[in-house]
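Both of the next two complexes hold chain A, though its partner changes from chain B to chain C.
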Partner chain A sequence: MSVPGTTGPGATPPGRRQRLLGELRLWRPLDLAGVAAAWLVGLLLVLVAGTLLLYMGYKGLQYVNLDLLVSRPQPGSDQSQTGGILDPIVGTLLIIVIATAIALPLAVGAALWIVEYGRPRWLARVVESGIEVIAGAPSIAIAIFGLAIFQLPLFGWASFAADGGGVFGRSFIAAGTVMSLIALPSIFATTREALQSVPRHVREASYGLGKTRWATIRRVLLPTVRPDIATGTALGMGRIAGDTAIIVLLLGATLQLQAGSDIPGVGTLQGTGSTLTSYVYNNSPTGEGNAPEKAYAAAFVLMLLIIGLNLLVAFIGRRRAGNDLPR
Partner chain B sequence: MAEFPPPVRRISADGVPNVVDPSSRDAIPEPIARALAPSYGPERLRIDGVSIHYAGAAKPAVNAVTLPVRQGEVLALIGPSGCGKTTLLRSLNRLVELTPGATRDGRILLDGEDVDHLEITRLRRRVSMIFQQPNPFPMSIFDNVAYAIREQAMRRPGKAVLAPRVESALRRAGLWDEVADDLNRPALRLSGGQQQRLCIARALAVEPHVLLMDEPCSALDPISTGVIEELIHELRETLAIVIVTHNLAQARRVGDHVAFMYLGDLVEYAPTEELFTNPRADRTRDYVQGAFG
Partner chain C sequence: MLRRLRRPLTDRRAEQLLGGTAVAVVLVIVAMIVFIAISAWPSFQHNGLKWFGSGGDVDAELGEMVNAGADPSDEAYRLRAWPLVYATALTTILAVGIGVVVSVLASIFIVELAPPRVRSIVVPVVRLLAAVPSVVYGLIGILVLVPFVNDHLISEGQRESVAYVIPLTGPGLLVSVVLLTLMITPIMIALIVDAMSAVPRGWREGALALGVTQWRATMSVSVKAIRPAIVAAAVLASARALGEAIMLSMVSGSKGFAPQPWDGLIFLFEPLRPLAATIAEQSEGISAPALKASVYAMALVLLVSSLFLSVGGSIIKRRFRVGTAR
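This part shows the complex of A and B:
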């Protein structure tokens, strides 16, 4: 209940605008131009992002419906006959789970080793630059390398081998394993940085109580950096969900999930399928499916998934703010 | 550092027999009796010709220092910055070994045993340490103390087993009454002085014989400092305490013996009052009178 005549805390004091303008007049022209350019670029980027979201939202909401989400894709020449996107959704989740399950322990283990042990030093350096190379490599290059590996007779079990001994090399196992390389660098980097920023006195407090290095890692360091690991993992999952090249080369490009053997569960992992990214690619006007409406719908669902993962990152970041260490 | 508080009424071990007759204990005023009793404790730690060298440094950080640390007394290490007092302290539980390039000569005996022959985790349970910066772990108050008690990386013993030991450690550190209502609060929400007492509770929970304190009050306000100094007085009865401080007034208030170090050398070691009122070395006199610091 505001009483007439009183000024609320939110009210702008009179003359503030004038003062701001007066202040700007004192600026040098080059500085003014710089500030103006910065604003312009910022607004332009917001505009691009906003347009993208609105367009995808408009197109997506037009074609997304529950039926689409729960029915399986079918081959067909007309958009009305090509079914839904259930298999690509399941495929995406399956790839995320496989790749994260492989990348998470590897990345956290590597970060722990490098920060807490780091011996021999030359090996630590080699591992660090190796991970940097993977982070910088185009995913198509990683994909073709992965295909070469998984077509070796050694990995016949991971997909299926023909009678003559040729190995197909394309399956959820193959794609998920290679995809873990996409998530590994971001999990590694956030974990390593978080460990490095844990102050020395926290470790010494634990060693000073007669704790071993391993107890210190397990009981003090890992709980401390857990939010950072979660952040890196969520970012990595976003990258996995968005990568197309590895899926196109290594998942076998069947619309539906096709089991690779008769073993229940494992057969699916040995088999082929699609994800939202490969589905969008195939059904875009340039792809063989040519069902643009379905492609828009799938792209919208994919964007929602990735925005969701980003929100998760922000949420984790906010939650840790209250419970932080004195740095 | 120009003004000292009035001298504390205390008699150090070496002065005792001449001043009071130990047989007439009843006649001794309470504060003196309190100071007297623990001063007769056995030697817990012997620092024997210890030198510590950091790789790349021309001079050793600690140069052939020999000192006794007795049960029931507080040994205060004083000296200007860089004199090696903290390095010496950190060598007593072999924490200095965490610093790359640090090497040590000489022997440190804990109850007659060479610390180099003790398993490092056992040594650090018997010689526990308090740091300059209060450093509780980012966990609850309870878990901070319980972590100290739990066995290495094993599954946690039940709360029923831990709770009484956590309580007794918090009581000894004089923190229990302030935190008893909510032990699950994050430790980092406590005030600086409370955090430091939590660290003391944590160090006491492993039931050490020797407590090392590295400028434990330098990050604290005067009131918290007073509380911790009072605590040091109480703990002294059951523990040998070595405290590093750059605060001469504090060394005088809490120390029974004081060792003055300068550029890695032990310049003088004496009962507190003697060192402050009648120093033998010129450098000690200059330092305690504030001529340099």
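This part shows the complex of A and C:
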């Protein structure tokens, strides 16, 4: 990260550091206090994050074992009998896949339209501020909106309907679809910024060769911005994996995956289940399960997943910095 | 058929297709606001502006709604949501207030003070803190911070002095605000660091050439130049803090109680429950029409305030971008 106006030792000629230290003695106490406060806050942040990570790591390694990861959760009042966290892990992955599959085409399509077409102008502005609204909307509000939608008789197929005609409205389809709204803004933002940074002459060269606009998008622009789409998607996946409100409201929070109908595969999607986040929530002392050890273990796995996605983002970023030119 | 699909799209078809996705996104948002507003209407209809007022016990009123069953009387819709609104405002304002100070100082540290080697640690750390799921913060809060507050910070005298109003058991305002601050600070730091790095080098050098100290140059040039970005960051962070449901439902104590600042130190330990956490907890009983309307009304209040905040924040941010483009 190159930052203008820095005073790090790497940027200073030798001797200046001593002079700065000498100068510090002449500073007003208030200024010195300011510098001290800034250092304190910076180091405190590192300390807090470090403590958090080490603590989660310690608790996680203490309670995670292979058996826990591959066995299904069981109802029980004692922590030793409540089984493992296989279903929440599967649930998390399922939700990530469903939500990303919906969000990716929508976000990339919207970004392409905004940058490459964007007419009429007012509509483009409406789309942009609309996505900003989603980005700022509380996920609990999005969740409760999803509940209203999926409880409509129209969407009875997405979960299961009771005998009286009431629709349950909670299923993997419902949660995944609503969750796509959480991932959409970050994919949209990175894709749009990447498209805007592709120089005009690249497009003009493509038109000059007789390619149509769609062919230019398909063969030139999309391959160029692919790493950015990947970055945005990984960020979005992190947000999906970490969101709890939508899962708590829309996945039914059953301990195991419960099929909603007899059709294999589809039945699971129509059924209820849990994810790592809702598992942690329900097994914390505030939830019904109250199994702190299991909650720590699940939170540890969740953190690993999130850190993995973050490393992926960093890795894509570094690789892109290595070869900047589009092939 | 398949071959027709595989053929390249014509330009017009492509524009329609891409435009369609964009419009679909907008339609979803409009549907969201309309749906929530329609579902919320009965609650506002029965309560009017008194919805935001105080009086009565919120938790009792919510319980009454569940008991009222499928065909509630007008009486059952009664809701005075002031403690919840107040709890939302209180946690948000406190967390953002502390967060602004912390994140400005941290940004100065990252951009101006830290040696490159330290900076290369702090930046990923901040990114990581921003990515930690709220439920993990909540878990640490309820399993580590709450017992600590309960065992070491609340004295027996304090407990007894308010025992007839509210039991103090650890979860409450202090833990909520600490964790909320920790959650929103990384978001603010990211925005402020971006803005601060974009301040032209010459501005600072001009100040230094006039003989001010480095700290003065930072405060009077860099920080002053990015004031709009700081405001924008604070606004966006408050939108985030308003909507935090899960973490706050875990550590806030989950009582429809309005902490009183004139209670002194006890104020910090008093339990509360913001709107978002209430929605998360009451969503189970949503089949009761009265409760459903009330829960959607809370969601509408949150949605509208976060809408104003994020639109306001982006306007400030845009104006700022024009300002530095020169």
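Methods note: the second predicted complex is superposed on the first by the 287 of 327 C-alpha atoms of A that agree within 3 Å, B and C clash if a C-alpha of one lies under 4 Å from a C-alpha of the other, contacts with A are read in each partner's own complex, and residues count from 1 in each chain.
One rule holds for everything that comes next: a contact is a pair of C-beta atoms (placed from the backbone, for glycine too) under 8 Å apart; a residue touches a chain by one contact, two chains touch by 3 or more.
Note that the structure is predicted; figures quoted are calculated from it, not measured.
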Next on the checklist: What does the overlay on chain A give for chain B and chain C, a clash or a fit?
Outcome noted: fit
Checklist entry - In the superposed arrangement, does A:67 touch chain B (first), chain C (second), both or neither? => result neither
Checklist entry - Which partner does A:202 contact after superposing on A: first (chain B), second (chain C), both, neither? => result first
Next on the checklist: So in the superposed three-chain picture, is A:277 touching just chain B, just chain C, both, or none of them (first/second/both/neither)?
Outcome noted: second
Item to check | Touched partner set for A:214, first chain B, second chain C, both or neither | outcome: both
Next on the checklist: Touch test for A:262: chain B only (first), chain C only (second), both, or neither?
Outcome noted: neither
Checklist entry - Touching A:223, do we find chain B (first), chain C (second), both, or neither? => result first
Next on the checklist: Between chain B and chain C, whom does A:78 touch in the aligned arrangement: first, second, both, or neither?
Outcome noted: neither
Checklist entry - Which partner, chain B or chain C, touches the larger number of chain A residues? => result C
Checklist entry - In whole Å, how close do chain B and chain C get at the C-alpha level once superposed? => result 5
Item to check | chain C-contacting residues of chain A that also contact chain B | outcome: 212, 214-215, 218
Checklist outcome for this item: In their shared complex, chain A is touched by residues of chain C numbered 8-11, 13-15, 17-26, 28-29, 31-32, 35-36, 39, 102, 105-106, 108-116, 118-129, 131-136, 138-140, 142-144, 182, 185, 197, 199-201, 204-205, 213-216, 219, 222, 236, 239-240, 242-246, 249-250, 254, 276, 279-280, 283, 286-287, 295-296, 299, 302-303, 306-307, 309-311, 313-314
Next on the checklist: Which residues of chain A touch chain B once you look at their complex with the stated criterion?
Outcome noted: 199, 201-212, 214-215, 218-220, 223-224, 323-326
Checklist entry - In the complex formed with chain C, which residues of chain A make contact? => result 1, 3-10, 20, 23, 27, 31-32, 34-35, 37-42, 45-46, 48-50, 52-53, 55-56, 105-106, 109-110, 112-114, 116-117, 123-124, 126-127, 129-145, 147-149, 166, 181, 184, 212-215, 217-218, 238, 241-245, 248-249, 277, 280-281, 284-286, 292, 295-296, 299, 302-303, 306-307, 309-310, 314
Item to check | chain B residues touching chain A - in the complex, by the definition given at the top | outcome: 93, 95, 98, 120-125, 128-129, 131-133, 135-139, 147-148, 150, 152-153, 186, 188, 199, 202-203, 206
